[in-house]
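Note that the chains are named A, B, C and D in the order they appear, and that numbering of residues resets to 1 at the start of each chain.
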Amino acid sequence: MSEDIIYLDYAASTPVDPRVYERMCEVSQSAYANPSSTHAAGRLTHEVIGRAAEQLGGLLNVSPETLIWTSGATESDNLAIAGGARYRAHRGKHIVTMRTEHKAVTDVFEMLAQEGFDVTWVDADSRGLLAPDVFAAALRDDTQFVSIMFVNNETGVIQDIEALGAICRERDILFHVDGAQAVGKVPIDLASLPVDLLSLTGHKFYGPKGIGALYIADRPGCHVAPILFGGGQQRRIRPGTLPTDLIAGLGMAAEIAAGGIDDDLAHLSELRDVLWNGIREIDGISLNGDPDGFPGILNVSVEDIEGESLLFALEPICAATGSACNSKVQEPSYVLRALGRTDMQAQSAIRFSVGRPTTIEEVEFAAGRYREAVARLRQLAPDEVA
Amino acid sequence: MSEDIIYLDYAASTPVDPRVYERMCEVSQSAYANPSSTHAAGRLTHEVIGRAAEQLGGLLNVSPETLIWTSGATESDNLAIAGGARYRAHRGKHIVTMRTEHKAVTDVFEMLAQEGFDVTWVDADSRGLLAPDVFAAALRDDTQFVSIMFVNNETGVIQDIEALGAICRERDILFHVDGAQAVGKVPIDLASLPVDLLSLTGHKFYGPKGIGALYIADRPGCHVAPILFGGGQQRRIRPGTLPTDLIAGLGMAAEIAAGGIDDDLAHLSELRDVLWNGIREIDGISLNGDPDGFPGILNVSVEDIEGESLLFALEPICAATGSACNSKVQEPSYVLRALGRTDMQAQSAIRFSVGRPTTIEEVEFAAGRYREAVARLRQLAPDEVA
Amino acid sequence: MSADPYSARVRDLFAAPAHAGDAAGGEAVYVADQDVRLRLTATAADGTIEVLRFRAWGCPHVIAATEAACAALEGRPVTDLENYTAADVMQNLPVPVEKTGRILVIEDAVRSLGQRFRDRT
Amino acid sequence: MSADPYSARVRDLFAAPAHAGDAAGGEAVYVADQDVRLRLTATAADGTIEVLRFRAWGCPHVIAATEAACAALEGRPVTDLENYTAADVMQNLPVPVEKTGRILVIEDAVRSLGQRFRDRT
């Protein structure tokens, strides 16, 4: 990336770790055969994939056989939710999620609602947390499927997956967790966590883009109906030629993460503290989310500042607005509105997200640039009533 | 790949061209931001993708805006077929394809049949060709969707896409072509071909695995309903963070192919001739497919030889059996049976597929090894009746 | 996906809006609509706009377009204010179509400033 | 996906089946079932199998397993033939479960060969 950019958007995507990269190079030169082929070249490829499954299984503490490769968390979420809810539909059609989930979750629920499922959207508190009793109260006899994300992509809030999952287990409800922002970044032990389905994507933790996985617990009643159809690959759950080098890269990213989560977290916490301390005195500033959330994300709103101009004035810093990045006219983030922020607060939200390569100097620079930008835009603005 | 392997399975997958590889390296180091982000880093990524779309558009002679990125031909086929048939369902639910299509096509048709669509499977002649009049006779007033592949993956047979497409255009039927084995290998000019939807995948023409595209013609009534739901990427047709480096690699593979299709075809033809001339004298041998088909594929059956042992005896040659590579007990190829081969003929079928890096020495060696293997297995076998 | 939504001209105008501020003692208008809040102040002499200044709350295109409008109108007859159109802005400054509504707010503000001058005379 | 379906032992037995061929003038059986065609011939003396040979049409595991069976039975009492079980084969030779049916064809052939010898005495 060009020298004069300061990248603080690691929650959107991360660069590939050089070791991941090296592994992918190695594999793409040597193991290019189709892993479905029984000949020697195919078997070599098959072994490479087996090793990657072990690496990812190691990170999550699960058996490699529980992992299905996909093109990313969007596909994993779709497969888990559409596939899981449909698989259980004969038992009941009530399904539960939250408004603060990623679009790759909420849009699938909207689609299922059209298909005849009955959706309950449970509310978060003002920090974005789902209280277990609030959650339990939303469940019904015909509830068969629940999806709650691990780490929120806008605010970094971490849900109490253990408590929520325990409630689901008790009632034999299929429990899906969107782990896109969590895997490789916070410790996750699926051998002890009551999670049935977990989505992940490589490019959020220094792995390649275009590859993800869905963990499917090996327990009775825990299955998904496929959403793509074709060859018999991956036990007919997900067809298509497996992209060996991407899978090897994801495996390597998992292995690297497994060895460094604590150090990573300490580094991110320090960065977030420096950044927050550098801007917290600004008049009208407020933190979106939970101070105890994932430290890689700092989401702040500030009174009476237009968000797009703020982001623009922050250049060369690359951060994200709180709003959905895909709409052309920036809309206030639906996630922040769900947390009770006003439209005005929500539209000014900036998500800074730091990563392994981020330095203290970069966040200090960012804090200074943020202070200047706010001051300049405030000076430029008319008084509320002229 | 290990030195002592002779890879003759280019129709299953190809190695990445070094220039593709270089482009991907470059991009993955510099353009790792999420292309949906509006900041400088995101814009750089966005440009990289734009260039790739132009390269692929150049190969197919279409505007870059007509291309949707997917995870491969399997997903493109699913999106085109499920998405296209559903989009047109209000006009009619009769859809048409062939038994000789890839599983990524036939399995989607089977699924649609379950969903209430009325499927007609049109028959090929003994070479695998679909005669335009046979095709036209299968169409009805309520036919809305047709899928016919360009180059057959098992036999190399090339359908008359122009004639079949013209019949569809006349009746305003959505016409999908699975181009997985054709794109980058035979000339395709979509500006003049009457094709509405075309699937392709990078790894079949020296591009990366895990990336493909769907061409959607820009004409009235030609749309697909999405099959994955999530962020608003790619005009809501296909969500998910775009894998910039894979897309750049696919673009480069397209550019390289565009410049060399004629040379490639000449090279492949020579290889196929040497291989076929080296084995055609064997007793009971027969060619599956059309001598005028795509020269990268040579599919042969031989009387009274067990296919799995034949393939095994061919080692270190890596070729494919005619059968679906995913079933554990090898089943005779459904494609070859559809062409009227007996089970015995079909089960002995071997698909040799040659590629850009294949040498004359390799195919000469393969011919010799094939002759030996057949002789040895015949010697080992009991007479028909002991 | 996002192409660069900001042209070089938008960048320049946003970075250094020479006409930001207030024209002391001048006529003033304030409009607030469409995610835009805009205050224009101007002084005129002999039917000519002498000083035209703005304060704006809005997206980069709004700030840039307002700056461009002020720069273009200073030194022009005050009657030009009432005839000012959004098309004038967008001709010299690429503004995404979905922001056309915001540019119309600028047009409104400039025109009502013109009205003020007329009412005064 | 495909792990290597062929163990080193299967490879060796398939590559050089020492017992391929015919035991001239011996007892012979032929079975054809389950994608397997198998002919066994054997000579015996004093109740002991002297020469045991096979011809096979089948997958690599069938060829390897038949070779292994012949090698194991030569020099054994002919009565062992009738007691031969597929389990004996599969113990020393990993055969994918889905091919068990084929291995049972070998068991059948060996047992009927044993029967032949008994019928003769």
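Operating definition for what follows: a contact is a pair of C-beta atoms (placed from the backbone, for glycine too) under 8 Å apart; a residue touches a chain by one contact, two chains touch by 3 or more.
This structure is a prediction, so every number in the text was calculated from the model and none was measured.
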{"item": "Greatest separation from subunit C - chain, by CA centre", "value": "D"}
{"item": "Intercentroid distance (Cα basis), subunit D paired with subunit A, Å", "value": "57"}
{"item": "Mean-CA-position distance for subunit D and subunit B (Å)", "value": "42"}
{"item": "Separation of subunit C from subunit D, taking each centre as the mean of its C-alpha atoms, in whole Å", "value": "94"}
{"item": "Chain centre separation (subunit A, subunit B; CA means) in Å", "value": "33"}
{"item": "Per-residue multi-chain contacts in subunit B, two or more chains", "value": "36-38, 42, 233, 242, 325"}
{"item": "Interface hub residues of subunit D, defined as touching at least two other chains", "value": "2"}
{"item": "Pairwise chain contacts under the document criterion", "value": "A-B, A-C, A-D, B-C, B-D"}
{"item": "Residue numbers on subunit B that touch subunit D, as the complex places them", "value": "304, 306, 308-309, 312-313, 325, 328-330, 377, 379-383, 385-386"}
{"item": "Footprint of subunit A on subunit D - complex, ascending", "value": "1-5"}
{"item": "Interfacial residue positions of subunit A with respect to subunit B in the complex", "value": "1-2, 5, 7, 9, 12-16, 21, 25, 28-34, 36-42, 44, 70-75, 77-78, 102-104, 107-108, 110-111, 201, 203, 208-211, 227-233, 239-246, 311, 315-321, 324-327"}
{"item": "Interface residues, subunit B side, partner subunit C - complex", "value": "35-38, 42-43, 46-47, 49-50, 233-234, 242"}
{"item": "Interface residues, subunit C side, partner subunit A - complex", "value": "2, 6, 14, 17, 20, 28-30, 35, 37-39, 55-60, 63, 96, 98-99"}
